[in-house]
């Protein structure tokens, strides 16, 4: 079974996570700029005089579809690389994927990952 | 006629003209993205409109032959008699047309200044209507009072080198009046976050304003000589001093902010405007610094009070900055710089009183007329866009455009 | 079971929806700028002379992962807050989530939501 | 059953894919600017002197939720329109959707697609 | 030698030089994001290239001693004999080098103007080749005809204060020829949406063009005096009048658009260019307004016809704006402004005919040579990028760069 | 006093002032987005700070009455005696204040130049402290040596028209020293990709720098006449030649890059700076072109070596460009242009030696003092932000701001 991992991480951790995943053999991924809100309550920014609060903070969403057996390893890798221990480190969600197709080759399912 | 003076006045005119688009970016960067174009367009459309109104009837109303100290008569309507020969009254070493053009740029930017108070919610048609009326009924008279030959404040001896009262107090107080009548933006009372969409634009605008302001102040010497050099130096010094001070104020509070430094520089330029050709270079340091302190705390107070949504703080920056500058002119003016003006440091305490009169007269008149005009437009054509248009943003709703196109 | 709610809404409704969710106790969410197309057929924009049509309109995508039992309430909240009644109000999709991990704490599944 | 199709394609293929989907009757979709990495190894860009490598390339993510029976047709349409045959053509993922709600009408599930 | 005149001419030269980067932003904002840098680069590379070609051989071809009214000879090759002393023929109160530099900036921007017609698909190498050839074989001759001492159109009495025919008609018609040979962008015929990527850049560009145009037109007086002041005022007035008119045209149709107002202002500046030092300030109002109306409807018609992808409408804006301006000069020129020119309102209807001759000669020559050059390049080095490169965008494919880097 | 000269000097001062914000955008566009504002702020804050320090004590240290050829004494502290009358020593045809202001803008931009070496990691407070110290202990002395009446390098006969050594060598070598002490950015050694966030800003900055540089170089003639015209032409020519050359170098290697052309133009402007008023226009072509080749390959070498993170290559551009320019002045200076200087082509090979001495003295002094200052600050207040602040970006961590606000 294929799984989709959606990880919301700190933007400044993207390089570290990318490198860690690469080291463990995972290259394919999609990255999106998002804004997030959670335990971390937003931050105060400077205005001309005084400051204002921003509720949403810039985050990076990483999406990677992996074979089921690689899923836990990938999650661990991301967790380790993305962690700072302070609020705002982010969340990882795992979703089921029914199928995957590589547009170039029209390969389907797991085979489209295996045949490098 | 003097070619050096003419070269300088034409250059200065081009510099001041550039200040209105600069203002467009200064303001445009501070609003939310959905209103970026709309904010820019306010300045741009006013630049077009006032350029035309000025040559048709504005110049003669402001600078034409005096009627009882209150207004110019209509003898120069459509620039009749305003030609390539120098005027015998104003800037006698350059073509009259050059002086006229220089003054045009002041009228334009003054009208554009108060738009900062009404961004993100005013109907574009109403903005233009108010601008045309305000230009006619507020700017032209006040310009005549202070700068017109025979104007009553000029007669009284009010000092205003490049527009502390005519431009900044005038625009700042009118901004307040218009904002009061127009009402706050949706979400303002609820404390909704309104993030500046593009701080680099704010800096770009401030930088071009600073650059153009050399034309504004040093150009107001109307000759390329001693006084222009003095005004040039005081202008730069006040901008720097105020920019640095504002940055420090932010730092004391929390962090040295970029929008803060840019705002401070503009406030410093405002404060030195009436004084530039009357005070010594060193005096520009306190004039700028105190200007920043005043505007900063007025802004803090306005934000805390949360009563009037004078959105980009035109009153705090220009109204208060201009007021302080006009007073400072009364304090620091010295005949060592300009035989035309002596202030408190020369022992002439009366000058401070005269300055107060000029400020008060401008404030009362401009606030009153602006309020009435705003009320009248509100009752007739309406001032605000619909709620829904405001939510979508004025770029789309008023202009059918997106700042940044493409998926 | 965890659910992922993906709501595509009008950008100008983000504040209202965010506040409504906050009022009903939901803070965690991720927001993305997207462009959408649906019943609402795009709009005409002004060009120098004349106008041109744009097929895709700016929308906001809201993603929130919630415990299964809170899902319907969240959907209702979003629906109410995001509705104008005109075309283009948007869609809400509900997807199954197999797991969720909080990066900071390495908590898994529902527990990573419960332990505030 | 509803399915969500997530297609990561080349930005320059968006118009072709959009037109192809429109031709086969699919209008509703959501588009996001993303950055991706896969077999295509990034590109070298020019710097002042010399060049530097960029790992992530701009891609477009297309999300469309369709009824299960239309899914395969949509996938084929996208594949055909998005293919160039060179690395970087992209991937399509199919995810299960549990429910869909049209905000404007509060219609649920498949009915919110059927009742045009 | 006059220091005031020199100061003004140097200032004007700097102002006109700035117009080419301004154009880069004006055009750059209107294309799709993937071609933003490529569009900017066209102007920037031309700025570099033509600056050099001009001092090597361009200046002597355009302004060197006359050969049969058609071209300058090569006696000033490499600026030989063009030094710090004033010329005896041109601008006799300033260093010859200053006049040379002023003219350089005109050559540069004229070459950059027509790039608007070929953005988003031309090969960068082909662009540079065409630019070099066009500069040599079209710009230099036409400049000589109209402005060179002894040029045949000058002899005929054609009036062109700052480049209505030499710059705008010339670039506008050549844009058309080149666009015809090059062919439309992918997706143009199919009506694919091509959204402007950055309207603030369009406004920034337009504002800096407006600012620089004071150098263009008022600098063309070559002295800091009466005529410069007149040209300054007419320039600002026409820009404002045209900007406002275009905005109104958009409003009548649907909404007052920001790109529209910016475009209108540029068209007004184009239209007043040949007339600036010949007509009275009031005349700039109709010259600008009518210029906008003409360009607006030509643009609407071009868009409807959907035949030629003259992408940023250089022909409509500059070709038609320049044509109208040249005619308007024949109509509104008056000896009250400049003893050098009298037009229809002075009763001299012949001037209109002369203007028509100048326009027609420029159009035929420029169109013909441009078409041939384009055909020749197409047959040899090829003009277009590959389909695939066009799809990816010229920024990446031609320059290996991304406007906005970082994930 | 000459009004034309004054007009030109004031205009030039405004132009040079604009260069510092231009630099802010030139540099700002090249860093990562999270450090855009911080990079802009460095220039902006320095603009404010140095403006004030200059009038308080900088001007008298650099240009005040000479003390043993090394420094000016403090008799002009706070501009005492620097007034509206011309100086008897410097720029005798314009108000002394105008000359003072012109020089202020040079001090400002020189301090801002080296910030390019330390972007993305320096603590804002440390930056300001270093800037104030460097201005006092490096800029003022070196300016005095070369330009001050009685300065030892001036006495020696070193030629530096507008700041090859004083500005560019000085800033370039100091950038290196500071970067060495500060250390590289996180990820630099590992070869992490650091993409420029906004190339249009780089071009905007370069264009405004080019524009402002006319004031820098042609303004340094201090009169509006023969020499100014010569410097104007050489300036434009060198910029164009270097911009085009750099583009070709990129093309040979791979593709003609936009940042490359912009960088090249700036390098050409740097290289011509010391030579502008001493060499003939044709000489600007090789000066620019060779300048680009040198800087290009130094930059390639610096990138390959990957040892020093002199982030925006201030040393390669300004240090090497300025060095080449200073040497080139020794080679190409000719009395045909300026009776004040003859170089190798006039048969005066000694001039080259003198230039070498000036370069070497500046390099040794500036490097040494900068290194010591940097070490001292590092040991006391610390130079770098925390790792974590660097990761988040300096915009947020130092200034509490986001360049582009709003979801």
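Lettered A, B, C, D, E and F in written order, each chain numbered from 1.
Going forward, contacts are C-beta pairs under 8 Å (C-beta built on N, C-alpha and C of every residue); 3 or more make two chains touch, one makes a residue touch a chain.
Bear in mind that the values here come from a model prediction, so they are computed numbers and not experimental data.
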Required minimum of steps from chain C to chain F, each step between chains that touch:
1
Could you compare the number of C-beta pairs in contact for B-D with that for D-E and name the larger?
D-E
So, in whole Å, the Cα centroid of chain A is separated from that of chain F by 44
With chain centres defined as C-alpha means, what is the inter-centre distance between chain A and chain C in Å?
18
Can you list the residues of chain A that touch 2 or more other chains?
31-33, 35, 44-46, 51, 54-56, 84, 95-96
Chain F: positions in contact with at least two other chains:
2-5, 7-8, 11, 195-196, 198, 224, 254-255, 257, 259, 399-402, 405, 407
Edges wherever two chains touch, nodes for the chains themselves; is that graph a line, a ring, a star, complete, or other here?
complete
Of all residues in chain F, those that touch chain A in their complex
34, 187, 192, 388, 391-393, 396, 399-402, 405, 407
Residues of chain A that touch chain C when the two form their complex:
3, 7-9, 32-39, 55-56, 59, 61, 75, 78-79, 82-96
Quick check: in the complex, which residue numbers of chain A touch chain B?
44-55
Residues on chain B engaged by chain E in the complex (per definition of touch)
1-8, 10-11, 13-14, 17-18, 21, 24-25, 28, 36-37, 40-41, 44-45, 47-49, 51-52, 55, 78-79, 84-85, 94-98, 100-101, 104, 124, 198, 201, 224, 398-406
Would you tell me which residues of chain E are touching chain A in their complex?
407
